[in-house]
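Two complexes come next, and they have one chain in common, chain A, joined by chain B in the first and chain C in the second.
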Partner chain A sequence: MFARIVWLVLRKDFTVEVRSLEIAYTTVFFAISCVLVFAFALVQEGRAPEGGAAGILWVAIAFAGTLALGRTFERERQSDTLRALLLAPAARPAIYVGKLLGIVALLLAAELLLVPLVAFLFQAPLLVRPGWLATVLLTGTIGFAAVGTLFAAMLVRARSRDVLLPVLLYPITVPVIIAGVRGTAALLQPEFDPGIIHFWLALLVCFDVVFVTLALWTFEPLMTD
Partner chain B sequence: MIPFDTLVVDDVSRHFGRRRALSRVSFHAGRGTILGLLGPNGAGKSTLLAVLATLLRPSSGTVRYGGHDATARGASLRAAIGVLGHDLFLYPELTARENLEFFAGLYAVRDVRAAAQEALDQAGLADRADDGVAGFSRGMRQRLALERALIHRPRLLLLDEPFTGLDDASAAALGRRLLTLREGGAIVVLATHDLDIAERLLDRAIVLREGRLVETVDRPEALRSVYRSIMSRPDAASGFSRTDGA
Partner chain C sequence: MPKWFTGAAVLCGLMFAVAPVLIANAPYESTMGLVQKIFYVHLPSAWVFLLSAIVCGVASVRFLFRGDPRQDRLAWAAAELVVLFGLVTLVTGPLWARKAWGTWWQWDVRLTSSLMGWMVAVAYLLLRKYGGPGSDKLGAGLALFGMANVPFVYISVNYWRTIHPATSVVPTLPSSFGVPLWFSAVTFLLLFVLLLRLRVRLQEQHAALDALYLSMDA
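Up next is the complex of A and B:
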């Protein structure tokens, strides 16, 4: 039952997005613009600052992710369909997980474009260890989206939701951004040290477990009142 | 789904911070009843509907659905409740059929496709089933939204201003549908401003003002005079029915 509701919500979000492509276009356009601006500002005479690529990649993911989160729930607000989801006899955490997976999928798709772009513009060997990079990006994206999905759902009826979402989201996801940046930067070092990667990955996994659990636990009471 | 034949609201209050939206409201409704919630804007009608829909918990008091309490039987109780809000709860990017199949799936309806087709027939939208809802008129959306709310055959139907924006033909069709539901034994709770519709459809009505239940009207023919009398009191808020002489 839980998995069926997750699948229904995810499939519905996917169908709606494929029809409009509104969030995909705005998210990808914003993320690419962000990377280009940083590239123009920081890359001088063909040389990028050391470690800059990892930072720019995660800044673009965080900013684009915030945009995607806001738009995803704005869509549910327009016809009050979030209320309709909450009225269904489905487990409410399943609705949260469905929305979370949709946002994670969208951000991962954006990252597929961002990674080669950042690697090219900042001449960074991001694709040398693709498995490790994918793991860091996946765990980091889940952590960021887990907190963001909960806050975006909570704020859906708040008048100043566009302002409040980043104000609430960024301070709490600072550990994810730091771990993501440091983990990605470690992958760019000429001498690969698995111990460092393991450390940052462990931090990301811990964050994911804690915040997904907290969100599953608090989603129903937060959305009911 | 939990079957129930009565809805009992007992001394329910709801506060938002220091603001009192509902204050010690009590009433009951049995199967095959259309109960009206009347009152000016801000009277507490939508808050009461949200409490009945289990979206809001009462600050005090209880709502009982047959022998069941909302707090104890959340999801299984929601399976017996249908809600048509002022917003229609439809995804404009999806087709009529996709909307119905999505909600039928959420409500664990056994044969999703058959239920969606039956709902489309009932709404008179079978020939537009695969068109996007974004291209529908207000009346078409309203009919579709009502069938969406009924797709799981609820025992309790909660309607918030369902006649808003409908032309006469659509309003008459919606009225006929509600009467059919009443004959089928459903409990219908309808918030409206329209005294013409209220007189025609309601079996009983409660009048709310500033969160308080100020009158229960058991005779529809007396509704207009009772309502006008209440609203003409000095502290009455303004702006409601098109037939109240305003």
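Up next is the complex of A and C:
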């Protein structure tokens, strides 16, 4: 039952999105613009600053993620469909998980474009260890989106939600961003050290577990009027 | 206000007057000299900073699951004190660090996570001020995530190599350093209790005023 509701919510979001592709296009274009701004600012005479690629990749993900989160729930608000969703005889945590998977899928799609772009513009060997990079990106994205989905859902009813989402989201997700950046930076080192990667990955998994558990626990009381 | 408040306020004032004398009379630490005295303000304020974050988090959880507005007022007052004592901690820390480590700021785990906890409290206050209706529950959710940060700050030093002194230093202090430290800690704790009571009372009066307005409209 739980898995079925998750699947239905995910499929609903996917169907709505495929009809217009509004969030996908705007998020991806915004993420690319972010990376280009960094490239204009930091790459001088064809030389990229050392070790900047990992940070820029994650900043672009965090910015684009905030935009996507805001838009996803704005869409639910416009025609008051969030109320309908919450009125449905479905477990609230399942609705949350469905929304979360949608956001994670969208961000992973954006990352598919971002990684080659950052690797190209900042001359970083990001694609040397694709398996490790994919794992770091996946765990980091889940951690970021877990908090983001909860806060964006709660902010639907609040005033000045566009400003408040990043204000609330970034302080909480800073550890995820730090671990993601450090883990990615460790992949770019000439001498590969699996111990360092394991450490940052373990930290990311810890955050994922804590954040998803807290979100599942609080989604129900937070979304109840 | 409760009867104990005035007495406690006078006592707190007296303790704040005596504390500098005790701190001045404590022996000079051999390597740090005068700068070591910052420790007597930094450590107590850091303890109260973490304590306020815990109070804010626990009150928020109780508000979230039981819906008691008194817990919400307590959480809001505690969040203000997180910002206040966090500011004292984050200002005195770099002053000490400049002398001890030769740099104002290090991105080590404890400093980073303290700053993060402080930013969560600032975000909480921004939310409560500008979030409009429904921000009380949202704030409670935020405080819960902020509280998850506190044990992380506390144990971080013991698990990662860092230049910040570990928490095991305090019980080993000789009494010439320990007495002013504990006196200062009790003083800060008393100030925390007083300020918390004062802010909760202010929130209570706001709530009472709102209730009066509502009954007038009806």
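The rule we apply is simple: the second predicted complex is superposed on the first by the 225 of 225 C-alpha atoms of A that agree within 3 Å, B and C clash if a C-alpha of one lies under 4 Å from a C-alpha of the other, contacts with A are read in each partner's own complex, and residues count from 1 in each chain.
Keep in mind that, in the parts below, a contact is a pair of C-beta atoms (placed from the backbone, for glycine too) under 8 Å apart; a residue touches a chain by one contact, two chains touch by 3 or more.
Predicted, not measured: the structure shown is a model, and the values here were computed from it.
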item: Contacts of A:Leu164 with chain B and chain C, given as first, second, both or neither; value: second
item: Contacts of A:Ser20 with chain B and chain C, given as first, second, both or neither; value: first
item: Which superposed partner A:Ile172 touches (first chain B, second chain C, both, neither); value: second
item: Partner chain(s) touched by A:Ser33 [first = chain B, second = chain C, both, neither]; value: neither
item: Partner chain(s) touched by A:Thr81 [first = chain B, second = chain C, both, neither]; value: first
item: Partner chain(s) touched by A:Gln189 [first = chain B, second = chain C, both, neither]; value: neither
item: Common interface positions of chain A, toward chain B and toward chain C; value: none
item: Residue ranges of chain C touching chain A (in the complex, touch as defined); value: 64-65, 112-113, 116, 119-120, 122-123, 126-127, 130-135, 137-138, 140-142, 144-146, 148, 152
item: Chain A partner contacts - residues on chain B that touch it in the complex; value: 1, 53-57, 75-79, 81, 83, 85-94, 98, 102-103, 105-108, 132
item: Residues of chain A defined as touching chain B within the complex; value: 1, 4-5, 8, 12, 15-16, 19-20, 78-81, 83-91, 224-225
item: Touch list for chain A against partner chain C, complex; value: 147, 150-151, 154-155, 157-160, 163-164, 167-168, 170-172, 174-175, 178, 210-211, 214, 218, 221-222
